[in-house]
């Protein structure tokens, strides 16, 4: 029996308490999911009947029209951009977080604080200078420059999140490995990484979702239709006079889905490696 | 063997010789079009490409809320698209910013529109501060009131009201009759609030509006705080009397789903909308009620001593200052300003911004209010050519009205502050 | 000077002298930090300088090509003197940030504990709850706002009809139109869309708690509350500390939710600093003035961040656990 299991029993929750917990969870999950489920259902209604109370008409045309308009390309762009950016960002953040957390060096405090400095500005005033910079360098409508932007934008908070998680990993493991002659990189990626996996999953999810829904920089730097990411394409369906609700709902559903699909295998890694091995403090 | 080699050499030579000649003439221009009718425009562009074999047109699109800043950013670094669809009031400020190419040398050429440059509406708005022309008016539209005949008749309103007070009374009658919304105009705030339009319709029906030009060429604020307040009070009464519910504070745009859905479900009797939204309401109603006759009709806004005045809205076309394909861009503009084939076959729900073309569009009976309103519509005029930018006024008026509606300020206070803000801005910018 | 005890001093193993260890350490340090700072400096340096300089000019959206004229601190003076500045600050600090962050941390903790509980494991609800937890976060903000506006609508919204049928109220509440309800409604939308981040962060932290610790405490006879207070919360503290900092930064600077839900209105009722910056920059075209407002925002966050890191976080993030 895992201790977590005993947690419930030990508390003397009994059947009533158990049921209460389960019911609370179901209610909470309902609130979490209902709005998006509404969107999903709406994406299968015709725009004419979508907001009508009562009867509605089923259709697949929203998706057909959306994909005809090239939305598949937008999803692909977003996927490639976000996955690559998150991969780079996470690797860099893990290394940097380890350095800040475990090592002692001159200027550490100042450097640690400065990581967050760029994030103190609201993004809306960062967009114009970034655009000017990229335009002068000829970096508009380029996947490479978008990756650069997204890595820079997700790094600070990723580092901070990971520093928080690193606190939970006992340093005795590091020391044992040092005595055995391991390099710091080996320590990070062979020993600490598996233990920190839940934290890394959480950090990567945060970074991915940040990229996935990012609008301002993508708007400024990607003007060619075939380069556009998914949020840009979604906003285009909000016209000044008329909004194309069918496209909006289908696009919203197609936007939410990949994240869930990507997260499904990842969340199994949310169990810590510490549960497997054990190191007495 | 030798014959084959000969053939091959000749073939290679022919193939090698041909493309450079063709490529030398093949030019690709970018056209930015920001409305949802992109597929229809693409069809029109395909025809343009057929008629002009050396030109290819790539379409770009940016959502309207971001389009202004995006264009100005790009123009500043030289990456703006060759031809762009612009809001009606942009060419003036964009021209002043050096973002657009002056078109004076091009508009004199034959082939522009049905009857040339002089036939176009709102040419004054296309002129920059330096007197040069920076845009070509492309489409024009205006707002009119769409109403549910049956709901009004049921409330005892036989003919559609023609004065502001009668309009308010009709709205109240609908509410008294069945608790439904009368005129459900949005009172909420956003970047481009509707209340700006309906307030101006009210003010313009009684005078020149906020900004006017004096005989010596200077601009002045042509309304007193009391006159401004009158407008706030008029629309506030709808909220206070309940026939425009307080929930209208939560939406802001003229085509908001709350309005469309309200009209469709028979919960709202009247709405002030452009023709595209009216068409949407009618089409959706027909889809939900197949075979029944449409209960909607349209009418111009009420008239005051100055008549029934709405604005000429619409879009213009412009060429960017950094464009290297001016000739091709101008060919595209000439093509797009011809009613045929752009407006007759593809972009059919829009009216070209030319006097001769106004009558060329056929309106269904339900939409008869629009051509009637267009007859008495006015240009933005001094609003657009004056020293106070329209976006500034649009935002300031919307915020002032909003603070009255939500109860934060009295209408007198808000009117005084608005008058003050606009006067200051005018004094600051008027040379 | 740095009160960090991040490294233990231990007797060098035979054959591994100090100098070699130090060189390896420095090499690692460079490799670990240089790429990160390369990205950070090259991305943030120019925009920061641009905004600092622009805030001292009258650069306009329409004058991007020709540049702006020097006005010194006029923009800052005008900002601090503006009548609405106090209200905007109040909205941003109290309503948006304090209330928003507070609610999210509290609910996030509760949610994390709930999802970590053994009961769920036994009823095999863990996987599905974790995946469904992500759903609100994966929904784009604009879509979330559309749905919630529909839900909050007094006429057709589900929330009002539910409230009326339960009997809590007998008249529908126009949430986004009634002065007292606008902020709570806005905060509900923001919380719904961003709570999963907080909850997931805490959940990950909880999942990395060694079972032996819980086991040991229970064997010692700890009650549920003692467990929470002496085992779970201390383990969660670094994550909580980081989350408060991140949430504050992110919420204070946030623009999208307020703008798309209420447009900073009605009137200017829900105007926050970020929407004020947007209105000044892109509607009134005053880049100089909006840069000044942005610099003020950055200054506030910098002061907060420095104080926070020095007073609270250093203890939690950098000191050795006893």
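Worth a mention:
When the chains are written out, they are named A, B and C in that same order, and each has its own residue count from 1.
The working rule: a contact is a pair of C-beta atoms (placed from the backbone, for glycine too) under 8 Å apart; a residue touches a chain by one contact, two chains touch by 3 or more.
Not measured: the values here are computed from a predicted model.
The chain with its Cα centroid farthest from the Cα centroid of subunit C is B.
Pairwise, the chains sharing the most contacting C-beta pairs are A-C.
With centres set at the average Cα position, the gap from subunit A to subunit B is 39 Å. Mean C-alpha positions place subunit A and subunit C at a centre distance of 14 Å.
Across the assembly, subunit A contributes 51, 53, 128, 132, 235, 238 as residues in contact with two or more other chains. The set of subunit C residues touching two or more other chains comprises 64, 150, 156, 281-282.
Shared contact sites, meaning residues of subunit B that touch two or more other chains, fall at 69, 73, 76, 257, 261. Residue ranges of subunit A in contact with subunit B, taken from their complex: 46-49, 51-53, 69, 128, 131-132, 135-136, 140, 219-220, 223-225, 235-245.
Those residues of subunit B lying in contact with subunit A across their complex are 35-36, 39, 58-66, 69-70, 73-74, 76-79, 81, 192, 253-255, 257, 260-261, 264-265, 273-274, 276-277, 280, 283-284, 287-288. Subunit B makes touch with subunit C in their complex at residues 68-69, 72-73, 75-76, 93-94, 96-99, 187-191, 193, 245-252, 257-258, 261, 267, 389, 391-392, 394-395, 398-409.
Taken in their complex, subunit C has these residues touching subunit B: 61-66, 149-150, 152-156, 174-179, 259, 262-269, 279, 281-285. Residues 2-11, 13, 18, 21-22, 24-25, 28-29, 31-33, 35-36, 38-39, 51, 53, 92-93, 95-96, 98-99, 101-106, 108-109, 111-126, 128-130, 132-133, 148-149, 151-153, 155-157, 159-161, 163-165, 167-169, 171, 175, 179, 181, 183-185, 195-196, 198-199, 201-202, 205-206, 209, 212-213, 215, 231, 234-235, 238, 248, 252, 255-256, 259-260, 263-264, 267-268, 270-272, 274-275, 278, 280 of subunit A are the ones touching subunit C in the complex.
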